[in-house]
Amino acid sequence: MCTATNYTTKDHYFGRNLDLEFSYHEEVTVTPRNFRFEFRKAEPLASHHAIIGMATIVDGYPLYYDATNEKGLSMAGLNFPENADYKPEAPDRTNIAPFEFIPWILGQFETVAEVRDALAGLNLVKINFSDAYPLSPLHWIISDREASITVESVAEGLKVYENPTQVLTNNPTFDIQLFNLNNFMHLSTRTPENTFSKELDLDVYSRGMGGIGLPGDLSSASRFVKAVFTRMNSLSGDSESESISQFFQILGSVAQQRGCVQVGDKDDFEITIYSSCCNTDKGIYYYTTYENSQVTGVDMHKEDLDGSTLAHYPMIKGQSIRMEN
Amino acid sequence: MCTATNYTTKDHYFGRNLDLEFSYHEEVTVTPRNFRFEFRKAEPLASHHAIIGMATIVDGYPLYYDATNEKGLSMAGLNFPENADYKPEAPDRTNIAPFEFIPWILGQFETVAEVRDALAGLNLVKINFSDAYPLSPLHWIISDREASITVESVAEGLKVYENPTQVLTNNPTFDIQLFNLNNFMHLSTRTPENTFSKELDLDVYSRGMGGIGLPGDLSSASRFVKAVFTRMNSLSGDSESESISQFFQILGSVAQQRGCVQVGDKDDFEITIYSSCCNTDKGIYYYTTYENSQVTGVDMHKEDLDGSTLAHYPMIKGQSIRMEN
Amino acid sequence: MCTATNYTTKDHYFGRNLDLEFSYHEEVTVTPRNFRFEFRKAEPLASHHAIIGMATIVDGYPLYYDATNEKGLSMAGLNFPENADYKPEAPDRTNIAPFEFIPWILGQFETVAEVRDALAGLNLVKINFSDAYPLSPLHWIISDREASITVESVAEGLKVYENPTQVLTNNPTFDIQLFNLNNFMHLSTRTPENTFSKELDLDVYSRGMGGIGLPGDLSSASRFVKAVFTRMNSLSGDSESESISQFFQILGSVAQQRGCVQVGDKDDFEITIYSSCCNTDKGIYYYTTYENSQVTGVDMHKEDLDGSTLAHYPMIKGQSIRMEN
Amino acid sequence: MCTATNYTTKDHYFGRNLDLEFSYHEEVTVTPRNFRFEFRKAEPLASHHAIIGMATIVDGYPLYYDATNEKGLSMAGLNFPENADYKPEAPDRTNIAPFEFIPWILGQFETVAEVRDALAGLNLVKINFSDAYPLSPLHWIISDREASITVESVAEGLKVYENPTQVLTNNPTFDIQLFNLNNFMHLSTRTPENTFSKELDLDVYSRGMGGIGLPGDLSSASRFVKAVFTRMNSLSGDSESESISQFFQILGSVAQQRGCVQVGDKDDFEITIYSSCCNTDKGIYYYTTYENSQVTGVDMHKEDLDGSTLAHYPMIKGQSIRMEN
């Protein structure tokens, strides 16, 4: 399914793995300030913050998977099957369709604090983009440099959780994901001490034994624990190269390898279609793909951000190998 | 510590992660056929199979970490602390120092079957390269397209294990590593069925739940289980790009992220210094580094393999980013 | 902490482990029909169903831990720290103090269905028995032969959960406990098949390997999984001896041994003070204690159930050994 | 399968669970000093130490499952399928059949130190008791108050392991069982500290969380870890009642409940047929059975130990309930 995370060195980085058994025509897409965002049940945004992220463009509309705006606010939608519950139109609230949620948030706000306030009056309304693009069951992580929140529209209503882990995967609901971390509080990056029994002479036979108990399967609850442990303990230098590398290493710790997650009874397998890492301070969107481990980058500030036309760069796939001889 | 593996599509691939808290001056090194290999206690090899692999070159001698010869035979040494036990010189056997083991094997043999025979008369003798390069406690994986063996010199003597997993990590001894896989036989890439209780209505709330129980920490025993599961279930197309990508994805599943494995009480952390993948049929050695995810390649057949001088290419580090705008 | 469960052969049985680091003066206590139950904020019950169970009698009032009435309805209170949230008096509801909850329910109702209805108007009011007997944070399991429910008064209000497992332990809240069972759906009482890899020849080296992954520690979430697995897969003959034995075996699977659960930093350790098993059809209450494994029984129908005075039998402690010579 | 253990308070105790899907006609059996022990390939013992333990008596010969002699030396045989490898007669060694092993050891020796010496010249010879009583694949624990050893006759020969855990279950071989404990060194009876991440506010929501990771399934490797943890951390008063109780609690932590371990594809299930606890200082053998939790005792010193005839007491089965009214 998917994993999103944040990491901060000198700059702040936001990104995600997209794990699926198929790929739409994803493109790195820059939406400039004067691209007119229409909303089905809310006022349009004629001008707004510029946005960069990964999207499928349909009928000229950028369906963003994850994106960052020019103010450094970031947002990603991740699969949330069985739990996502969108609502009928509510007359007293701002009704936003799930596919409009990222543009509506990133177009207007600069910080998570502002978003928190705006969400108080929001209703995620059950409207699809089109018959060909039906509703996806999603939940979202919204982050700035300081904080992250998780937004879930479930049967009980719209839930907004503080997310101190700054990581999001999929099911179960975020309160259970957070609770589950308690069961791993004893894990450590350090060498374990023998607390089993002082009378037994036990042996640290390998480095890394402080992490024994960390799950390694690719289910969403296990990926959450593994990604949080990796992220919270990550260390990196401040340079762009070091920071990006550490970010992709964090996402790599929960990547999905072809063959390991079979979908239903078919011969389909989920893989990590792409991994992204956006420098939210500089507006540069980096990514790798399952088959292209070289980092590709797009800089939003190299586009005409005052324009009204989407700039888009198809994903580069296939290993780009540097031969030395 | 380290992980080595094999994977076969149309061609056969062999490689490894080198996980350490520091880096020597590793270089991709091609040893041509007429480079004279001296051995401390055995006859020299004036001419031999050409070899490509990662090495530190000291005083003109290639100290290989992992390598492949022009016949497709491959070999890697991995850390084996507390267990590796090298022996005094044995008059009735061929006495090879651990640092000579890769050249001696890859210089002469074409298949694992040949190696198995040769090992019958071998003694791994307790001789270091120099005071500055003391003995490393190692064990080895030796592979051709068809089979792999694990070689361990332990207190009881030289043990040679068939290795049907074609994966090697570190401690414990390989018999225990293989035995431990029995405890994971129920894991699956498929959706689990409810065998807990027919009377309870349990829910497959995520893809990948068939793998629940797979360890995700970075200790050597856990990496072994995770890498074997990933490798044995891997699926890939036959092209070079697809094959290499799948190989690096397998190694990525057990990569070590900076911060997750603290060494002793110091602020040192093991990381995956490099990941290698050698096309053993074509003699092309590919690698990535912790901070450079682009694949770099060196083709042994582009060198003068009848020469007598080492060709060597320092590791390319630092992200090589392809900017799109 | 504690574990409660149900089991049905020819008759229906209900009981629990009480796990604590100390023991009050628990007694098997029969409350006859005409013992007057006063309630702090509700109408008294001058006559009611007779009740048998384990209680501490304070000032003539039976503070029941777990009990069954003459109609076969049963109820037990289990520790629920941090989560239990009792409320101020609510004018429009029936206000029952936690210590009154078992008498109020068992005094009036015959089935879980009746209880479900009654709970709709209930408020668990924040009133302690006395300064010497402060409020305990509890949640409850209420069972008849057909069904069980779990009742939790938490910050959001009074929650009533269907409990198909018929097991209750302690934290976390019951919705999370139930959800967590999904992670164990692959466990089985049968011999596992090798789904890890067809290419590896893995070995079923022990009976019971289908259960690998079942937790064995004594935390409340782990005891819940273990007790549910044991209960749901239990098999027993129909006789009283067989049924009771199987019941105590289920409770034994999650018993707490002295030394294994340290309380805080003190040299106090939780142990299973007593295990109970009530034949709810016959009104016979059986129990064992940590140090007395012989089953002791009290038959409510041997008491004057039309009386107004409590009958009580102090717990028999200390091994009662049958010497054969 | 089975679990054996030791525990010492003022006195020393030795015992085991016998886990099987069927029961032979087990009896507590006292062999007095002048019962003549014949051996198939070794000199008979016309007089010897008196022995008490659980046995099936066939043709007047006590086939002991577990036993203790009047000097306090104890021994139990536990199932060891696939691994036990008995040998042809060896002319230069003492050839003892597996079914003779307990009488031969307990008849002659007082301490584990003496046994260690005697085992140097021993050969476990492949001779069955009779066609109706074929060879059982077994390994053994031999204990005195100070120490325990594990004896395994495997393909490589007779192995004698020091056993600091004083626990034995079944497969795998004892070296692997001991090694596996290293993976649990971080378990503790204490409340865990949050070493996962200082930046996350994790919650100790239950007592006993220091043991998270302890296995709870009934396979032999899991029972070993659970029983060792329970035993090594056990605390008990010194009295006979307290000591026995703690011993049976340790064994109870790895008892097998009917329904939880299916044997093959049949509707057979392993259960804990009996649990024994011998006070090796006083020569009193206590036991409980699956269906009789009351402790039954037999005192060897109440028999004529200078006699030549077996004294035997059939196992008491079926709950012996103490009714209070």
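Quick notes on this structure:
Just so it is clear, A, B, C and D label the chains in written order, and each chain counts residues from 1 on its own.
Following the convention adopted for this analysis, contacts are C-beta pairs under 8 Å (C-beta built on N, C-alpha and C of every residue); 3 or more make two chains touch, one makes a residue touch a chain.
Computed from a prediction, not measured in an experiment: that's the story for all the values here.
Under the contact definition stated at the top, the chains bordering both subunit A and subunit D are B, C.
Chain centres were defined as the mean of their Cα atoms; on that basis the chain farthest from subunit D turns out to be A. With centres defined as mean CA coordinates, subunit D is found 33 Å away from subunit C. Centre-to-centre, using mean CA coordinates, subunit A is 43 Å away from subunit C.
The set of subunit B residues touching two or more other chains comprises 172, 179, 183, 187, 190, 203, 205, 209-210, 212-213, 221, 229, 233. Residue ranges on subunit B touching subunit A, taken from their complex, read 1, 28, 82, 170-172, 187, 189-191, 203, 205-223, 225-226, 229-230, 233-236, 240-242, 244-246, 248-250, 252-253, 255-265, 269-270, 286, 288, 290-299, 302-303, 311, 313, 316, 318-325. Residue ranges of subunit D in contact with subunit B, taken from their complex: 172, 176, 179, 183, 221. Those residues of subunit B that touch subunit C in the complex are listed here as 164-165, 179, 181-188, 190, 192-197, 199-205, 209-210, 212-213, 228-229, 232-233.
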